[in-house]
Amino acid sequence: MRMIHWFKFSAPSTFYPLAGKLIPWFWALFAGFALAGLWISFFVAPTDFQQGEGYRIIFIHVGASWMSMFIYLVMAFWAGMGLAFNTRLSGMMAQALAPTGALFAFISLWTGALWGKPMWGTWWVWDARLTSELILLFLYIGFIALTRAIDDSRRSDKAGAILALVGVVNIPIIYFSVKWWNTLHQGASVSLTRAPAMASIMLWGMLFSAFAMWMYAVAVALMRVRTIILERERHTDWVRELLLDRS
Amino acid sequence: MLEADNLECIRGARRLFHGVSFGLAEGELLFLQGKNGAGKTSLLRMLCGLSPPESGEVRWKGASIRKLADDFRADLCYLGHLNAIKEELSPLENLLASARLAGEDLAADDALDALAQVGLSGREDLICRYLSQGQKRRVALARLVQERRPLWILDEPFVALDVHAVDWLVGIIGAHLQRGGLAVMTTHQPVEIPAGAVRVLRLGA
Amino acid sequence: MFRIVSHTIARDLRLALRRPADLASVLFFFIIVASLFPLGVGPEVDLLRQLAPGVLWVGALLATQLSLPRLFADDYRDGTLEQLALSPNPLGLMVLGKVIAHWLVSGLPLALLAPVLGLQFDLPTDALWVLAGSILLGTPALSGIGAIGAGLTLGLRGGGVLLSLLVLPLYIPVLIFGAGAVDASVSGLGPGAHLSLLAALTVGGLAFAPWAAAAALKIALE
Amino acid sequence: MHWNSFSDFIAMGGHGLYVWGAFGVTALAMILEPWLVIRRHRAVRERLARQLRAEARLEQAP
Amino acid sequence: MFRIVSHTIARDLRLALRRPADLASVLFFFIIVASLFPLGVGPEVDLLRQLAPGVLWVGALLATQLSLPRLFADDYRDGTLEQLALSPNPLGLMVLGKVIAHWLVSGLPLALLAPVLGLQFDLPTDALWVLAGSILLGTPALSGIGAIGAGLTLGLRGGGVLLSLLVLPLYIPVLIFGAGAVDASVSGLGPGAHLSLLAALTVGGLAFAPWAAAAALKIALE
Amino acid sequence: MLEADNLECIRGARRLFHGVSFGLAEGELLFLQGKNGAGKTSLLRMLCGLSPPESGEVRWKGASIRKLADDFRADLCYLGHLNAIKEELSPLENLLASARLAGEDLAADDALDALAQVGLSGREDLICRYLSQGQKRRVALARLVQERRPLWILDEPFVALDVHAVDWLVGIIGAHLQRGGLAVMTTHQPVEIPAGAVRVLRLGA
């Protein structure tokens, strides 16, 4: 039974309107989380006695870093589903997620660099975590470049899927790089097993902004996937009806 | 033996063909016709399993070729628009290497014999880059001399050949059919295959 | 099963020997890159010695990578790849054969050449051995990963450069452990840990990459 | 509330450039991306509708 | 005469835009090479700053060089080059057009990107400007010289790697003056002398290289 | 107009032909025959000036083509085994670009018209990679529609074409000869050119 439902919603014709209905809800969630996050970051969280006000960058930096890795995992998951079950929607989801993932990787690098200048006195160091985040950005760009370079959609989905799956090895490397190499970059301060090492209010700020980014990513990916669906399904009857009725 | 069931092919925005069905028995030749761009090459590649059909299925001895996979390929010999020969190997080396990679053993003598049959004696050891267009095609065709697999799929095999070579190839295909082989073929040149049942399939309006 | 691998290796090696310019060129590219750096950076010996592991490893990596686009491209263009895909043997095994042949004409000679170039940078003898060993151990992984990239970009125009984009990020761990091994040996620490990580990468790469590359090739042929 | 004035808020204890640079670029990116996506969606819809209408017309008038 | 040059440029640019992945990929290759070095060499900031001019120039050079094999190869393979050689216009002018187009999609973007990468190596602002300027001045010479090499190796199997072998030694003067200019600026000396030498190389290269390349192409077609 | 004087061609250890001489006047077609590897392509490339003859000379309007150089090439249109089209440009772009690079001005309307004549309407803007073998050849042949240079040299122009396209091309060549043009051509397919003087030259034994 589960499977049937699954395949029903993975049909582009049912998913398209469903996504259309979901998008506003995700934007609303985004707005809520973002407001809460911003409020905490600027008006609730106290000044850090060591880093002054500069540390407020953490509220976007950490969220964006998490999202950049998380989106890659989700993308690889969809890609793998596409390869395994040959569902059309999976490849489209993967391609819709990639630009947003790349954006978050970029934001992580950018905010990290802007934080590094006041904290470490340099924009950039060749530290393991920074480097692997940079590689992650390259992987996203490689995925986008590859899928764009192949104009047959079925082929580009499959090729992209292989690349995404091969690139997954990078994610644990990023995450554990701080443990494996002794580096300048901060270690993980949020963990499920031990008590948070940082003030709980800061944790809340980070969590809210991370949730905001999550909702944002879902909303944008859904919007993008709708465009991709339309382009790919333009010869089907449902797209014809949809477009000819309304316009 | 070979059955196509309701095949459909879509390329870009175009539906090249749909509802293509046929059955082909031992000793039969399917002659695929159609104007340039009708989808002949696309159909042949589907029959080989190189590209999946949009809908429909190809069956070999009753089973889907997707499922048969290697078992089907072991019965198949495909010759495309391209010659699949290496320009820096000689005809002899090309023939031996391609047989080995196809998982067959070909004795050097048999290979030399095949090359002589396609009229390349004296050029067995000249690297293929120097051969003329028609001679390159002949190297590719030399495979067929020793080929005993039941299903041949040939995409415009007569291109670039002179009249003698065309006659020779017609004979080879005829003998294959006589042995109970199957063949699917396209060509724009008018040729007469002296064989049992020739079935014709026209693609496109 | 082993026969198909060895046949593929034999054929690819014969093709490679038919154009020895190729093999020579990979080596000369390596030599030239290793020699350009001192020119760009300047001649101080201490500085150069510090640079050596990194420069030599980057050189080996770029040299390997340069020869990748042709791994499948020739076979694709002349139709041989179609024939391979239609042969009743697993495509992955043939890819494995091609990867091994590629290593034999790129990685292996690079490993033999590297110590000589290391001398130019005034590396100590120990480090030279480690250099050769690390390149020997690491390059099969490069060939394997490279095969995936070569398969994915097959038939795409501008594939050569796209290929570097896809493959170089994946090469980075090999580079880090490879150069790390030499560094460790220069600075007196043992290179053992780095070398075993390299070996792990290579084993993993060779076991897994040919199948991924074969999948990519089937897609390219569709 | 630990900001004494608006200019205090902007200055961020001397780190204003960094903090606002980070937040600003992030905000910009997160506005730009949806905008581009929406624009592309509209363009695609219009283009496809145009094409489909043209096709429908062709079919009606043989 | 100018029309034929501009037509060639227009055609080649259109082809390049048809596959934007190419342009992007040259740039990313540059970025990746410039990022590989620190990984191989290690993260000390002072060391990296010293290396920066050399590494960035070598990166620019390799990136340019990577895109060379396709300068004529596509035209050769599909028969366009035969047609160009048979057209009643001087082949040299068409080659000039192709060289200029090549520079527009390789050298120019590299020059724009270089300062950003310079930041990663912590170069001072002055040096960043000089870096961009020197790459802007030097890359046309690289494209010109590269065209000769591309012509000479056309149609040879393994041409890509043979090409590097022929071309990289000829690139050395450009590299020395280019990296020299940045070095001079870092160390407080004026980069003027180096830059004017670079300009001289470029003017010479553009005046002379297209004709040599055209001669090489005619030989390749025989 | 076009004269070949005692041409000799040596490839490797082989003398492909020697003592080949002929003259071709306005409105005449030279039909080059010979089996695969006889040296037809080699001779055509010599006539174009792409490869120099071992001995002998090719003359155009009485002067050696080596000396005429660009002046000869301005009168020549060559179509080889290869199509000289870019796979990532559309047929329209290919046609316009090749005309421009040959130093001619071709209006977009004329180009579209030419493409329609070769049966590519509806595919003017599809990139050529997706075209079928025969369609690619048609793009290459579309050049001939507007071509007004006096000397056409065509190496197996009919390859991969279907019957309609062959008929069309025969008509085009006929019209060219009628206008007083010259043509040299090879083909292994039997075709009838409806034109004034057809001269035949057989290469090889």
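So that you can tell them apart, the chains are marked A, B, C, D, E and F in the order they are listed, and the count of residues begins at 1 in each.
The working rule: a residue touches a chain if its C-beta (ideal position, glycine included) is under 8 Å from a C-beta of that chain, and two chains touch if they have at least 3 such contacts.
Since we're looking at a predicted model, the values are computed, not measured.
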Excluding chain A, groups that stay connected where the other chains sit: B, C, E, F | D
item	value
Neighbouring chains common to chain A and chain D, by label	none
Classification of the chain C:chain E interface as same or different, half of numbers criterion	same
Chain pair, most C-beta pairs within the contact cut-off	C-E
From chain A, the most remote chain by mean C-alpha position	F
Geometric centre distance via CA averages, chain F-chain D, whole Å	55
Geometric centre distance via CA averages, chain E-chain C, whole Å	25
Computed distance of Cα centres, chain C from chain A, in Å	32
Per-residue multi-chain contacts in chain A, two or more chains	131, 138, 141, 145, 149, 234
Residues of chain C touching at least two other chains	19, 74, 156-158, 162, 165, 168-169, 172, 222
Chain D, residues touching no fewer than two other chains	none
In the complex, chain C residues that touch chain E	19, 21-22, 24-26, 28-29, 32-33, 36-37, 39-42, 47, 50-51, 53-55, 57-58, 61-62, 66-67, 69-70, 74, 156-158, 160-162, 164-165, 168-169, 172, 175-176, 179, 183
Contact set on chain B toward chain C in their complex	48-52, 70-71, 73-74, 76, 78, 80-89, 93, 97-98, 100-103, 127
Chain E residues within the chain A interface of the complex	19, 21, 24-25, 28, 32, 35, 38-39, 42-43, 45, 48, 119-120, 122
Residue numbers on chain D that touch chain A, as the complex places them	1-3, 9, 12-15, 18-19, 21-23, 25-26, 29-30, 33-34, 37-38, 40-41, 44-46, 48-49, 51-53, 56
Complex interface listing, chain F residues touching chain B	11-12, 34-41, 81, 119, 123, 126, 130-135, 137-138, 156, 159-166, 188-189
